[in-house]
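Presented sequentially are two complexes of subunit A, the first with subunit B as partner and the second with subunit C.
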Partner chain A sequence: MAEIKIQTQSENNIHIISLQGQLDESTVNEFSTQVYAVIEQCTENSRVILDLEQLTYLNSKSIGFIADFFNRLQSKNSKLVLAKAQANVVDILNVVGIDQIVPMTQTLNEAKTI
Partner chain B sequence: MQDKKTQDKVIIRIELPTNAYFMSGIRDFTLKMIENTTDFSKQWAYRFQSVVDELCNNAIEHGSNPNDFILITFISDPEKSIEITVEDHGKNSEKIANKILAKYKSNSKKSQLELGIRGRGLAYIVEKWTDELEITDRQNGGVKVRVKKYLNDPEFQTDNKHDPTHLKLTI
Partner chain C sequence: MVYQIISILLALIPAILWAAYFMKRRDHNFKTYFGVFLFGCITAIVILGYQVAYVKITDIEPSLNFTRYLYNLINPLANYSWFAFTIIWFASSEEIIKFLITYIVDKRNPELIITMGDSLKFGILAGLAFAFGENIVYYARGYNNTSGDHKFVFNLFVQRSLLTVCGHLVWSGIIAYFYGVSKFAKDILSFKKWTGHTLAVNAYQKFKRNRIIFGVTLACILHTGFNILVNIKLDKNLNMVLAIASIFIGFIYLNVLLEQKIGNLKFKLADRYKGLLDQSSIDVIYEYMGDQFKAAKYENVCKIAKRLLSREPDNNVAQIFLAKANDKLQK
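Entry: the complex of A and B
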């Protein structure tokens, strides 16, 4: 069975959510529940960064949730950034086209300032 | 696993219970099978891992009742192509292949913000990472989805012009 570990750090309106493992049909709901909980707490001008360095797989439903996170944060004048994705994960994000709407960075520092 | 470079066509059939619990094992198998028995690059092995995952998830969620199973068939023609079919038994006897086809074609025209949580698997990942995609009703109920990717056919060469993502990875 796939596993996903999710850790959240929050400081000064910047919320970094680190993912370790795989996002598939068996783990995606746990992921979405935790990210929606963070978004719920966001005030205006917040920033949610998904740190994907330790994520080895994600499916299309996970990308659907990422698009929804983006919409919800935008309605709060806040931002979603995807950081440090591995090459095969970048490939999936690109083929779906999510990189056209959600900024992607190679480092967490970039993600905090972009 | 047998070393690569056999010239013979290899056919592998797997019956999978309709439970997402088993999908990580099928993804691992797909990755290793393509890496070890075909000349496709590692990037394409990862891509086919996604294609198989999306097809199986659709079959489990939309085409199966609880405690049923789906059938996955891999046909590897080592220097020519990889072909994968995923078959389900359907939730009832309704013929739905044309509905699925229409839905995925409609989804492929929508923007990211118009799509909901669902709708990207067939329309983006499967369609863009395969050369042939065929959806048909099975005679006794359910749907069969067949995809094929050619390795060296000039029409389907993966270069910057033809690669849908225009992305060459160093993995």
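Entry: the complex of A and C
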């Protein structure tokens, strides 16, 4: 069974959610619950950054959630950015086309300013 | 001797025309094509010889007539059904032999059949060769039985060229199509798995076997039906009309199968394919495509499959996803 650690830092309408571990059937619901809670708190023109540096695996359900996070934030005139994803995660997100709607950056600084 | 030569020349006409149609390009496989054709001809002559020998031997020694024995187990009454039972046996053995030709060619040279089209080509070639061999025997026999009646043999030539040769092509084509499907079982089952079908532990072997059995059985049924129809007498030649219709229906069915995009795919042999992305990443992508497919988001499936194919052109599962999604979009 996989494990996931989720840490959230918020400052000036920028919310950084750091993920450590794997997103599979056993952890994806915990992930989505926490991210939706952050989105709920977002005001207009906020930014949610998913720090994926220590995420080693994500399943298809989590990809679906990412797309939904994007839509919900967009309805609040806010942004979702994916930062520092590992190569295998980048490959997956690139092929399924998430990178065409959600910006992906290699650093957190880039993610804060894009 | 002259009649034998004329028989061979008559048999060559539809064989050359159909071979030229199907083997449009001359390529390095020409020797194999010729070998398959020769093999098909020889098996036709062998199996016809067997059929003639079977009838003659069982006339002399009825205890050797195992079709009658098998038939009596099923139904000791209704004598004419023995005739039908024998036709079933003869037609089925011809189709099984033609299947074996494709199977043997594939086992010896797996690189020759990498597309559904290749499978069809070899299957049809086997059917064509079989019909060619059969025609030589029938025309020579026709001359022999009628002491050189050209008109009789010409009528036989027209009937066999238009009907029987086409029949053999259609029946062999059906076997070849399902053989092609069975050959790419691993990838087809992968698609089924990712689109939510539950697969048994031995699903792969079962799928391969069942596809082959289905194709061969269907061809046997169609061939048997045709043989029965040409051998019985109905008012106003209705039997011949039905015989022609059966070939036409088989041809339409084959075209419907091939019109599905999966019929046009080019596959690399699955066990020789090495992807560029790691398997766990690929599985996530398949899983996502499967979810999108189940949600009827076929355009999205096509986009993802194309992106995957741009990175892994030989990915059979991606090709199947793309083909199936395109089929759905076209409906």
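Miscellaneous remarks
To be clear about the criterion, the second predicted complex is superposed on the first by the 114 of 114 C-alpha atoms of A that agree within 3 Å, B and C clash if a C-alpha of one lies under 4 Å from a C-alpha of the other, contacts with A are read in each partner's own complex, and residues count from 1 in each chain.
Definition applied: a contact is a pair of C-beta atoms (placed from the backbone, for glycine too) under 8 Å apart; a residue touches a chain by one contact, two chains touch by 3 or more.
All of these numbers come straight from a predicted model, not from anything done at the bench.
For the composite obtained by overlaying on subunit A, subunit B and subunit C cannot both be accommodated without a clash. In the superposition on chain A, contact of A:71 is made with subunit B only, not with subunit C. More residues of subunit A lie in touch with B than with the remaining chain of the pair subunit B and subunit C.
By the document's definition of touching, both partners, subunit B and subunit C, reach A:88. Applying the stated contact rule after C-alpha superposition, one finds that A:101 touches subunit B and leaves subunit C untouched.
Among the options 58-66, 184-192, 238-246 or 256-264, the segment of subunit C that ends up inside subunit B in the superposed model is 184-192.
In the superposition on chain A, subunit A positions 57, 59-61, 63-64, 88, 91-92, 94-97 are in contact with subunit B in one complex as well as with subunit C in the other. Those residues of subunit A whose C-beta lies close enough to touch subunit B in the complex are 1-2, 22, 24-26, 57, 59-61, 63-65, 67-68, 71, 87-88, 90-92, 94-98, 100-101.
The part of subunit C that touches subunit A in the complex is made up of residues 277-278, 280-281, 284-285, 287-291, 300, 303-304, 307-308, 311.
Residue ranges on subunit B touching subunit A, taken from their complex, read 20-24, 27, 43, 46-47, 49-50, 53-54, 57, 60-61, 112-113, 115-121, 124-125, 128-129, 164-165, 167, 169-171. Residue ranges on subunit A touching subunit C, taken from their complex, read 57-61, 63-64, 88, 91-92, 94-97.
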